[in-house]
Structure formats: C-alpha cells, structure tokens
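For clarity, chains are labelled A, B, C, D, E and F in written order, and residue numbers in each chain start from 1.
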Amino acid sequence: MNNIVIFPIIIPVIFGMIMIIFRKRLKLQRYLSLISMAAVGIVTVYLMLQVKSEGIQTLHLGGWVAPFGVTMVVDMLAALLITTTSIVAFCCLLYAFRTIGTERENFYFYPLFLFLITGVIGSFMTGDVFNLFVCFEVMLVASYVLISLGGTKIQLRESIKYILINILSSFLFLVAIAFLYAMTGTLNFAHLSLRVAEVGQDGLMTTVAILFLIVFSLKAGLFLFFWLPGAYSAPPTAISAIFAALLTKVGIYAIVRMFTLVFYHEPEVTHLFIGILAAITMVLGAVGAVAFWDIKRILTYNVIVGVGFILAGVASFTTVGMTGALYYLIHDMIVKALIFLLGGTVIYLTGTSNLRDLSGLIRLHPQLGWMFFIAALSLSGIPPLSGFLGKLFISEGTFEAGYFWLGAIGLFTSLMVLYSIMKVFMNAFWGYTVIKEEEEQGTTAGLLLPIGILTALTIALGIGTQAIHEYVDLAVEVLMNPSFYIEAVLGLNPKP
Amino acid sequence: MSASIPNEVVPVLLILIGTIFSFLSAIGLMRLPDVYTRSHAASKSTTIGVLFILVGTFFFFLLEEHYFSIRLFLGIFFVFLTAPVASHVLIRSAYRSKAPLAKESVQDDLKEVLDREDNEPV
Amino acid sequence: METLMCLLVGVLFSIGTYLILTKSLLRIILGTSIIGHGVNLLIITMGGLKKGGPPLLGLKNLTYTDSLPQALLLTAIVINFATTALFLVLSYRAYIVLGTDDTEQLRGKEDE
Amino acid sequence: MIKGMLIGSLIFLTLSILAIMYRLVKGPTASDRVQALDALGINIISGVAIFSVLIRSTGFFEVILLIGILSFIGTIAFARYLERGVVIERKHPK
Amino acid sequence: MKEPNDIIIRSVAKVAVVIIFTFAINLFISGHHYPGGGFIGGLAFASAVILLFLTFDIETVRKNIPLDFKMVAAIGVLIAVLTGLGSLLFDVPFLSQAFGYFYLPIFGKTELATAVLFDIGVALAVIGTALTIIMSIGDDR
Amino acid sequence: MSWLHLLILAPFIFAIFVPFLYKKMNQRIHTGWFVLLIPLILFFYLFTFIPEISSGNTRTATLPWLPAYDINFTIYVDGLSLLFALIIAGIGALVVLYSIYYMSKHREALHNFYVYLLMFMGAMLGLVFSDNIFVLYVFWELTSVSSFLLIAYWYQREKSRYGAQKSMLITIFGGLSMLAGFIMLSMIADTYSIRTLISSETLNTNTLFIPAMILILIGAFTKSAQFPFSIWLPDAMEAPTPISAYLHSATMVKAGIYLVARLTPVFGGEAVWFWLVSGIGLITLLYGSINAVRQTDLKALLAYSTISQLGLIMSLLGMGSGALYFGYGDESFVYAVAIFAAIFHLLNHATFKGSLFMVVGIIDHETGTRDIRKLGGLMHLMPISFTLTVIGGFAMAGLPPFNGFLSKEMFFTAVLNTAEKSIFNLDTLGFLFPIIAWVASVFTFIYSMILVFKTFRRKPTFVRVDKQVHEAPIGMLLSPMILGTLVVALFFFPNVASKYLLTPAWESVLPTLAGDLSIKISPWHGFNTELMMTMGVVVFGTIMYRFLKKWYGLYDYYPDSLTINHFYNLGLQSLEAISEKTTNRYMTGFIRDYLVYIFAFIIVVVGGALWKFGGVVINHSTDAHVNVYEAGIIVAMVISAVTVLFSKSRMTSVIAVGALGFLVSFLFVLFRAPDLALTQLVVETVTTVLFLLCFYHLPELRKEMSRIPFKVTNALISIGVGVIVTIVALSANGTRLFDSISTYYENSYKLAGAKNIVNAILVDFRGVDTMLEILVLTMAGLGVYTLIKLKSEGRDKDEGAE
C-alpha cells in the first residue's frame, strides 16, 4: 500500500474543481494550475525514485485487494511516463498562459487541462482494464471539450469527426472488455495475465487480443489515424501540443501493457501484426508529412510517424526493441510537444501556417530558430539528441526479431521526417526576411521559456541518457517478465 | 401449500384481468382509426389494466410475503395521477399540431376556436 | 437466451453502423445511441444471464446474477450519456455555426 | 398453475407490446407514436410488476415507480414539443 | 398563437414533483441496500427539475433555484474525492470506506457508512451536470 | 576524461564562447584570430604523437557515455586516425587563417560561421578517433549537420538552401543506412568496438555479413561523394570557399574513405567488397573527371575533380583489399601497395586541392566571378596566385615535380597489378581497370590545364568595374602558400612522410600484414609501363586540350534529363506530388470515408483472425432458457431499431429510440438488474429531452440522396460489423473458461455493509471508477456549457462593440 500513488490523479482533480468554483479569478486559476502541475511533477518524481528503490508500487484502492478492487500500479514504465507527462504538461501550461486568451481561460481551460492530465496519468497507472476504459474516457472527454473550446468553425468541424470516431472506439473497447470478461471472468491486468497464461492464447483469445489492438490503435493513431490530422490542427497551439505529446502515447502505452502483460503468448501473430500496422503507419505518416506545405499538417503527420516507429520497437518484442521503444516514447512525448509549440509560435508570429508565405524568421528570432533546428534534428533521431538511442535500439530490436523490412522502413521514414521538418525550418526561418520588425504580429516573450525547457530536455536526454538508463532498464525488465508485475499486484510471492 | 392457494390466487387473477385489459387496449390502439379515438383505448383501459396489475402485485406481496411496499403504493398513486394527465396533454398537443381526425368523425368543437387563434395577429 | 441476445446485439450493431455511415448528423447520433444499446446488452450478456436473483442481499435469494457486469455497465451507461450529450450539443452547435448537418459538407478542404 | 398464469399474462403483455409497436411504426402522425410510447411505458410497468410476482422479488418496485415518473415526463416533453416546437419555454425570448 | 393555459398540467406537476423529489431522495438514501444510489437518485432529482422546466418556464425555475449548477457539480466531485482522501488520515488506502452501526435517538439502530458521503458527492455531481446541460441548451436561442 | 577527449571536445567547448567573443571583440579583432588557436593547439598536440604512433604503438582512452549499453566514447589513436587528425587540424588551422581574410568581419555573421566550423572540426576529430561504432555514427551525423549549416551559411540564397538540403538528404540517407549496417555488424560480432571487430574471425559466415557490408558502404559512398551519390558535392560549393576547401575537399568527404579504410580489415578479402569499392571508385573517377572538363564555374570544376580524386582513392582501397584474400605473404604485398597509394594520395589530395580551392577563393574574392568564360589573363595581375595554381594544378594532373605525380604512378602500378590478378573473376574483367584509369587521367589532365591556363593565360579580357583587380593580401595567400610548399616538399621528401605518417596508417589498415613493408617512394622507376602511361596522358591530354573547342560540343549531346541531378530533382518533386495525391486521396475529410476504413478494417482483421485461428466456438450448453415473452420483447426491439433505420421523420426516429430504451430497460429487469433498469430509464429520458431540446434547431431528416454503390457499401459494411460482433460474442459466450470474480462481492454486506451488491461495487469496491465517472460527467457538463455560451458571449461582446 502506498497512498502517494493516487496523488498524481487526484491533485489535478481537486485543483480543477476548486478552479471551477472560483471561475472568475483567472490569476488565481493560473497560479493554482501551475502549483498543481508542479505538485504532480514532484510526486511523480518521488514515485519514480520509490519504484526504483522499492520495486513496483501498488495501491489497492479502497483496501480491496486485487483482483476484486481496482488497483493502481506504478511500475517503472508508468513512473517514467507519468513523470514525462507532468513535465510536458507543465511546459504546455506555461505556454498556454501567454497564448490561450482570456476567453478560453474564462471557460474552464485550466480545469479541463488538469482533468486531461488526470485522465492521462490515470491511464498510465491503472491496473484494471475497465478502469483503463474509464480513465480513457476522462482523457477523451477532456480532449473533446478542449478541442472544441472556442467554437470556431474549424474546431467544430473537426471535433465532430474526432468525437464520433472516439465514441465508436470507446464502444469497441467496451465490447472487447465484455468478450474478455466472458472468457476470463476478471478485469485486473495481472489476474487476466495469469488466467490467459493458464489456458493459453487460443484462436478466440487471439481474436479478442486483436480487437483490443484495434481499439488502442484507434486511440494511438496506429494505422487507424484518420481522425488525427484534422483534430490536431484545429485547436490552439498549447492544446494541440499537449494532444500531440500525450494522447497517442496513452494508446501506445495501452498496447504495450496489453501485449506484454496479457497477450504475449502468440507474438508471431499479434506482434507481427503490430509490426505490419506500424510499418504502414510510418509510411503513410511520412508520405503525409512530405506532402504538404502547411506547418500544422507536417507536424501532425509527424506524430503519426512517431507512433509507428515506437510500435515497431514494441512489435519486435525483444529486450532491445522494448528499450528502444521506451526511450523513443519518452523522447517523442517531449519532442512532439516541443515541435508543436515551436510550430505554433511560428504561426502565432506570422499569422500563417503556409510555408510558401513564410521566410527568414531567423533574423528576428534567432533563439526560436535554433531551438526549432535542434527540435527538428531531435525529431528525426539525429545524435546525440534524445531520439537517437531510441532509434538505434528500435532498429536493432527489429533486426534481432528478423523484421528487417520493419527496421528499414523505420530508418527510411526518419529520413522523410527529416526532409519534411527541414522543409519547415528552411522555408520558415531561412531565406530573406520578409517581415519587418514593425510588422511583427506578436513577440516571443514568455513563449521561449517553456520551449527552452523542452529543448534543454531533449538535449540533456540525448547526452545524459546514462542518467535514466537504470529506470528504463528496470521498466523493460518488468515488461519482458510479466511475473514481476503479477507478483506485485496479486502479492503471490512478495518481492524481497 | 394448499392453505395458501386463496392467498395467491386472488392477486394473480387480478393480474390476469389487468393483462386482458391491457391487451384489449393494445388492440384498440392498433385498430381504432385516429389518434383521438385511440387515446380512449390508450388512456382509459391501459390505466385500468395497469392498476389491476399493480394492485394485484401489491396484494400478492402483502398477503404472501407480508411485505407492504410503500414504493409500489406510491407507484400506483403516481400512475393513477399522471396517466390521464399525460393523455390529456398529448391529445391537446395532437390537436394543436393538427393531427387529422378520422373520416368517420362527425363533430369538431374546437375547430373554430383554433382557427380564430391562428388568424389572430401575434 | 445468450444466443438470442448475441443475435440481437448483432442486429443492433448493424443498424447502428448503417446509420452512422449515412451523411446526416442526426442519423449518426441516433446510430451511436443504438450501438450504445447494443454494447450495453452485450456486456450484460457476457456476464451470463439469469443465473440467479437480482444482486440484492435483502431478498433471500440463494444465488445472484453476476453483479460485476452490472456495475460496469452502470458506469458505461453514465459515461455514454455524458459523451452523447456532448456530441449532441456539438452537432447542434456545428449546425448553427456551419449551417449544415451533412457530413459530406464538413470535409474542410476548402479553407486550407 | 400460478406460474403458468403469470407467464400467460406476460405473453399477453408481450402481444400488447407488439401491437403497440405496430402503432409506433405505423404512425401516421407523431402524436400517434408518442401515444404508443406512453402506452409502451405503462405496459412495461405492468410487465415489471408481473415479473416481480413471477420471481417473487421485491427488488423491482423502484423500477415500476420510476417508469411511471419518466414515462410521464417523456410524454409531457414530447407533447410540449409537438404543441409548441419548444420544450423549455422562456418568458422573454431574445 | 396565444399561450394555451397549463392549469391541469401545472397542478398535477406540482404534486408529481413533490413525489419525485421524495422518491429521488429515497432512491439515494436507500441505494446502499436497495436499488438506487447516488447516480440514479441524482438523475431522478434532476428529472424532477426538468419536469418543472417543462411545465413552467426557465426563468421561473431559475429564480426559485438560484444555483450555479456547475459549481454544484464541482462541489459534488470535490466531496467524493475528499471522502476518499479522508481515508488517508487513518492510513488506509485511498477511497477506503468505513461503516458502522449507531443507535440514534429517533431512528434506532442505524447504519452509517462513509460510502453515503461518497454517494452524496456523486448525486451532487450528477444533479449539477444534468441541470447545467439542460439549462444551457434551454437558454440558447 | 583524458587529454585526448579534451582534444575532441575542445572545439565544441570553445564554440560556446564564440558568440560572446564575437559580440564583445569583433569590432576590434576578427573573431577568427581567437578561433585559430584551437586548430593550432590541436595540431601541435597531435604532432607530438607522431613518434609514438609511428613506432607502431597505439593509444586508447575511454570516457563513459552510456556504459550501460557499452556505448562509450573510446578513443583509439593509431596511424590511420592520427594521419586523418593531422590533416583535419592542419588544414583546419590554415583554413581558419585564410578565412580571417576571406570573411569580412563587418558584413558576415562570423559567430555562426565559426561555431559551425568548430563544431565540424570537433565532429571530424571525434569521427576518426572513435573506436565505438555508434559514437562514430554520432560524429558522422554531426559532420553532416555542420556541413548542412555551412553550405547554407548564406541562408538567404535559394541555391544555398537547395545545396544544403541536398547534401543533408544524401549524407543522412547514407548515415542511416550505415547505422543499419553497424547494427547488423554489432549483432554478428556482438561488439561495438572497431578494434574487437577487426580481430573477430568468423564474421563472414553470417548471413548478415554481406547486407551489413553493403549498407555501410552506402554510408561511406554518400559521404565521399561516390557515384551515383556524388551529386550533392557540386551543389555544396555554395558554401563559403574556406568551407569548400576544408569540408568538401580535404576532410569531410574523406570520412567515407576513412571508414572504408578502417573497415578494410573486417570486410577486405571479400569479392563483394572488392568489386563494390574498386568498381564504384573507378566509375566515380571516370565520371568526375569527364564532368569536370565540362564545368565553367571554377568551384564546380574543382568539385568534380574532387569527386574524381575521391573515386581514385576509393578504387585504390578496393584494389588493396584484395591483399587480405591472400593473407600474409609476398603475393599480398603486391596488392597492399594499393592501400599505401590510397593513403598517400589522400594526403596529397588534401594539400593540392586545399590550395587550389583557396586560390579559387582568392580569384573569386578579387574579381567577383568564378566563371571561366569571363576570366582570363590574370597571370600578370596575380602572379603568386598563378604560381600556386600551377603547383596545385600540375600536382592534380600528376606531373612532376609535384606530389601528385608520385601517387599517380603508384595508382597506375596498382591498376596494372590488379589487372593481373586471378581472383574475383578479375581474369575476365581486370583489363578494364587500367583502361578506365588511363582515360580518367587524360581528362584529369585536361581539366587541370583548363584550370591553370584558361584562368590565367589568354588575353587579359577581364575588367572589373568597381575596382582594380590585384593580388590578394599576403595573409590570404599564406595558407595556400604553405600548402603549395607541402606539395613540392612531398615530392622531394616523400619517404619522410612515409615513415612517420603513411606507413603507420597503412599498418592500421592492414594490421595482419604489418611490420614487413618497406616501400620506398621514388620518382624514378625506370621506363616502365606506368611512366609510359603518364607520358601517354600528357601527350594525349595536351592534344585534346588544344582541340578542346572541337569536341567540347559532344557534351551537349548528353541530355539533361538523364543526369542524376535531374533524377534527384524529379524524385523529390514527384515524391511530394505523389505524396500529396495519395494523402488527399484517402484523407478526404469526409467522416464517412474514415468510418468505412475503420469498419472495413475491423471486419477484415477480426473476421480474418477468427477464420484463420479457428476462434469460432458455438456452444449453447450453458445458455439460459428462452421464454416466449422474452423473445417477443426482442422482436419488439428489432422492430423499433428497424423503424429508426427507415424513418423519414426525426420525431419517429427519436420516439423509436425511446421505445428501444424502454425495452432495453425491461430486458434489464428480466435479467435481474434493477439498478441498470433504473439507470437506463433515467438516462434514456434525459437523453430524449436533450434530443427534443436540440431538435428545435436541427433540420428535419432529409432523404438520403446517395448513389447506389454508396448505400450498398454502407449496407455491406454494417451487416459485416453485425455478423462479426455476433460471431465473436457467440464464441466468447461458448468459451467461459473461468468463474467470474464476482462471487466475492456477494459478501458485500459483511465486507462493505451494503446489501445492494451493485451499489457496493460502485461506491466501494470500484469506487474510483465512479469517482472518475462523475468527473467525466462534470466535464461533459462544462463542455456543453462552453459550447453554447462561449460563442454566444463572444457574439454578445461583438454586438456590444458595434
């Protein structure tokens, strides 16, 4: 029992609710949201350290032992992800202060933002498949509201598509849970794992596994990403940045969890299938990224490529591949938020997202330009930035698993990513400066801080990977050996 | 078992009667020509039917299980109170939304009133 | 009974899917609520039907039906309600602002 | 015997429900359909009641009352809508 | 079109609303042992208010219930969460509920459970949300 | 951290201070003077290594970077890396010195320039010293990045950006393929260390060996601008001339050569390696030299000449790798000379090409143009430059008394030797080697002459408008003069260099043969075939140069549309166009299309999985019995659902959905779920009211005006979904493998003090679900509120403003 585990989930809820009550006091809301995100950050870091020193932390909510109650489980994977989440969210929040506008602030932007974080963190921590559904819904409903917050035409149009597809995927999720429950009679991941392991993964179980895969693919944007480009380009920058950083990652996390803990018996089927989907995703994402001359579109298609790449590592189902996937997951959360914030800043400064109308920003905004450059390199996994190690290990993992085509596609798409993102850089920042200083639409004052933090992070993560390797290795160890997780949750054989 | 037969039989008979009423009203609902005539079937006999059934149920549990259900009692009261009103409101709305009368109808008392209302400047 | 329910669920899914695939927003919403019913019935079916009395301990039953799917379903219904309400209002709002309820006209290519 | 009678009643009730469904599908006006819906609600009340007797459970009385309430509210809402096109009125429309 | 009079429905509605309120509270309180609970009770309560909206107009109702329902919902969630947090004071897992039997002067032997407090939160949240939704749409012209 | 690490990191560290220095000091002192310190210090420090390394020792030092994954910054100094490092630091110092005069401190953004330059220098040093393949890769990519930045130094120019993008795409493509190759190599050998790789024995038995080799070679070829990847190099000439001299002739493009040389002990002796390296090298040699003649821009000419010379070195390395086929013995030494020649020519090339670039920069700087057609007669105006050009150009053409002659002779020796080999099918194709070499040499001679004479001889036609053309300042000439001196010095004292630099480097390329080589480089070997070839080159080259005008037109017959450049441009364009087309094809923005994809995917995948893995299990045995009335209710439900499907009025649909809801809750009652029935009812009613509220505004349902295929697709998909769900549900129902955990909850009165199990689960056992669920509800409420109010309040505000 460790009650700290619950705090990352409830701190945002409590603060958010308080903010709803003090709706008209915007300054207070800003402070409160910042405080709560900082608190979440501290707690998550504390939890991460605790997981490292004491093993997997569990909390049987309400005191009901697994599998009867809902158990919150923080293994290293979850700990890493929630820590990254809180950092990224903190930066997006800082960015939002300057850009989101009082109108949205008045209409519960901060509470909704915090609830989104609750949903995301909850999804990372929960040890129960139905609770995962509920946490997904928390996240999704928050995102529904955030995406439509402001009610502009494009927002309304895109949010209809987004919501409809997500409602369907929620239904599918429920259907999958129902099937799983009929067959196994339980909901707890650990217990499910035991029961599935006991009877083996027969044809029907594999089918259900694939159904789960489809559900999570819809959320993660794995192959079924059609909702993603539109939805991510509709809302304001701070919101789309947090979406890009977190939402798809939750789906990825769910796939990782499900297919390492429960449905890991038939990797030639399920994981190969993930690999195929990942390959298609990468190709289509990269194709989409190079196709357009619009910053937002280029960035959103890059999100898709990232998803495919991470799951390529997962598909390999080797220790190396998983390590890579994990590094890349963390990297992707940071760098996607970063690149979206940067792209958003460019749009904010110039008022256009069409690359053909942009030119020579670097003369007036050198810091912005260089940070964009670093982010762009990091995005395509150029060493020694944070994406490199992930890329290396994912490729190695796919090779080890014998999926050479997958690794090759991964590497080649990273070149296309580089092309697409450098296109942005070269067209927006280089060239003759067309805008005079007086014609500037806005300043970067205050926007550079969150961007700077994230840039520093991507550099630091690249060079200082050694600092987190123990954590990642621990996470992978748990992923590759489900028994650790099961023991920690069900207490069959408590860890020494 | 044999001693309890009268206790059981009466409520169950009530229920059966109620069901028959309901069934008749349903047939009425199916067969009658227009919304106004059907409302007779829908409101009157359905209400009677449901009341029989509910009372039967009420007594069944009272006699058999010695269970006095305040909820059921409240339910009977509520249905009795609202069913006619609902029917009334519905028919009024039907009339105002100009649902057609059956061909066999001979009289439409409110026609003039409504026409006058419609022709008034708003 | 379960077999029959599975068939019913299949029919509800079919109809709901067809409605969702049409162009009118309103039909789409109705489609989601029909699929929603299908999902609900599926969940309760998957828990096994009529295995005992209602899950109320005061009623002197010997056995009870599976209570867990019921609880899950309750949560699911509520969440479904919340999203449906949001979706409904969103479509309504979208109709007011965009002036159409035809999803084909919501492609959104023209202004990019 | 008793059980048979109750099941018979339920079957009767089902038949009524099907009859009501006929009306609901057929229409022809919206009022007819609302009426059918109202009748359906009341028939379901009966159904629940008979079912309670059948399985001798007192657990469903809340349902009976609530169907009564909600069927009423639903009917009123539909009636309002049919009559005025508005469900919730405002004294001072903008 | 002239406003049709609503005497019949209004007088019945007043009675009905009282019954529904009572029933809603009953559903809510007895939810721990009989069908019902915070959610159903809350929504039943909300449906009573909806009935009021339907039979009267929005301004009248709002004048009589001058609450910001969003705040009600927020307070509801807060109560639910804080109930859970309360268990931290006793060093038991989050959301641990406690129950016990007490002899109260009038009610005799009564069971009190913190779960009821949690349920109050649920009910408030549901009421707040349902009414927020209904009133927002009802307001919009 | 050792001094060696500091050596590599010093440029990076110093780069951080450059912007500050620039800001504070540039008004008085050119920033280059500060920067110059770094390569000078490095050069002299590295110089001190020569005695130790040349005596056959090596040095290593390790700095942990990612010890957890054995990726450590291990430095390995041997002959090869030291030679490269000396070139990097030496030419680096000269280039910085040259740039001080070349780059105006008033007009140019010097801080950027020097930061990139230092970054490159550090990266390049890291590259040659790294023992760990992945660290090597890190530096490899860093050189690509810094080269990208340097090419686009004048980022306003369209052409600079184009060149930068091209070089980056190609070199990073190569880098990625090299990475893949490295990964495979490390998988085979289970090590990341080059030293260990070299000493591993049985690598070539693995199936991944050849793929890894080819992938790594692609990396090396792209970097060293080998055919057909060479196209980036001419465009890279958009960089400032010091950069062209440094990166794109002397150092960075040699990285590929370095890599090939470095890995020769691993891959050498394989037929694939031999043919790829030497074959591509020769093709590049020919391609570069032929194209160089055609150029009118001096820098472009030099760029193609660089390509050609790189090809020459590459082919030498390839031929030399044959030595490893034989193992230790006299046979192998004959071929091992090729490697020596490669190393020697590499050094020579760095000297003469560096000086040539610098001179061209001077010409450009003084005259304002690099176009050969406009230039001419500069000999008298710029005598020193002319002298330097003659030195460099003749060395390039392979004429005595310049170092190029020596290495060219050795090259001819190598090709002649190779042609006589009887391994790797050389007996049939070997004759091509000398022919290609000779033809390429002729062209090399021609373009060298063009460079020297077209620019400086002829009549002084060139007149600059704004100022008098005159010789460059001495500071600018200093660097090329030093290099020119070296060119001559190397001809006269080649064996000094051989002893201290070349032989140690050679020994590290062929460690198994080390120790016994004593190559005496001498300009005179008697009248052998090599000399005849050289003379042939001179004679034939002179003739062709004389009649250049006559045959120059032949170049025009080669269509532009067949150049690699054209393919590159076309490729990129069509990549974008096709991508856009494809993406727009499926990303229609029409939600129905997306849903069709999703549903179709579900049907195919889930159905396929069911069918393929035999998941269909139909088993009714555990089913509850069906009562007649239940069946009736279900029929009623189907009827109401179908009504929704076919109704043409929204009221009917909503009423039918309402009826469905009622019936569902009745089913819940029949299934003994009172709580569910209650919830379902309330939710249904509230939803209905919401529907009615929104209806006031939404339009009446229209008849679906759609084409028949549209409807048929929809129908098929929806039936498919229904069938799939049914089958899976039936199967899942038939495979109840375990008892549910829910029996536990039946003790809820004891456990939680609740008699209503469902409620107990909701508020207690799974309380957190409920907590989050009301959070969802609250958010939905807020969402509805904001959706409706935010817009209208905004509108109100606008109205108030008007």
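Brief remarks follow.
Just so it is clear, a residue touches a chain if its C-beta (ideal position, glycine included) is under 8 Å from a C-beta of that chain, and two chains touch if they have at least 3 such contacts.
Remember, it's a predicted structure, so these values are computed and weren't measured experimentally.
A centroid comparison over C-alpha atoms places F as the chain most distant from chain E. The most distant chain from chain D is F, comparing centres defined as mean Cα coordinates.
Of the two chain pairs considered here, C-D and D-F, the higher C-beta contact count falls to D-F. Here A is the chain whose Cα centre lies closest to the centre of all protein Cα atoms.
Computed from the mean C-alpha positions, the centre of chain B lies at a distance of 31 Å from the centre of chain C. Chain geometry summary: the mean Cα position of chain C and that of chain E are 25 Å apart. We define each chain's centre as the mean of its Cα atoms; on that basis chain E and chain F are separated by 63 Å. Look at where the CA atoms of chain A average out and do the same for chain E: the two points lie 37 Å apart.
Shared contact sites, meaning residues of chain E that touch two or more other chains, fall at 4, 9, 16, 19, 23, 27, 33-36, 39-40, 44, 47, 50, 54, 70, 73-74, 77, 81, 84, 94-95, 97, 129, 133-134, 136-139. The set of chain B residues touching two or more other chains comprises 71, 74, 78, 82, 85, 89, 92, 96. Each of the following residues of chain C touches two or more other chains: 20, 25, 42, 45-48, 53-54, 56-58, 68-69, 72, 74-75, 78-80, 82-86, 89-93, 97, 103, 106, 108. Interchain contacts (touch definition given at top) occur between A-C, A-E, A-F, B-D, B-E, C-D, C-E, C-F, D-E, D-F, E-F. Of all the residues in chain A, the ones that touch chain F in their complex are 13, 17, 20, 61-62, 64, 67-70, 72, 103-104, 107-108, 111-112, 115, 118-119, 122, 130-131, 134-135, 137-138, 141-142, 144-145, 148-151, 160-161, 164-165, 168, 172, 175, 178-179, 181-187, 191, 195, 199, 202-208, 210-211, 214, 218, 223-224, 226-227, 229-230, 269, 273, 284, 287-288, 290-292, 301, 360, 362, 377, 382-384, 388-389, 391-392, 395-396, 399-400, 404, 407-408, 411-412, 414-415, 418-419, 422, 426, 429-432, 463, 465-466, 469-470, 473. Across the complex, chain F meets chain C through its residues 584, 588-592, 595-596, 599, 620, 622-626, 630-631, 634, 637-638, 641-642, 644-645, 650, 653-654, 657, 660-661, 664, 667-668, 670-676, 679-680, 683, 686-687, 690-691, 694, 697-699, 701-702, 704, 706, 713-715, 717-719, 721-723, 725-726, 729-730, 732-733, 736, 740-742, 745-746, 748-749, 754-758, 761-762, 765-766, 769-770, 773, 776-777, 779-780, 783-784, 787-788, 791. Touching chain D in their complex are the following residues of chain F: 627-629, 632-633, 635-636, 639-640, 643, 649, 651-652, 655-656, 658-659, 662-663, 665-666, 669-670, 672, 674, 677-678, 681-682, 684-685, 688-689, 692-693, 695-696.
The touching residues of chain E, when paired with chain A in their complex, are 70-71, 73-75, 77-78, 81-82, 84-85, 88, 91-97. Of all residues in chain B, only 71, 74, 77-78, 81-82, 85, 88-89, 92, 96, 117-118, 120, 122 touch chain E in the complex they form.
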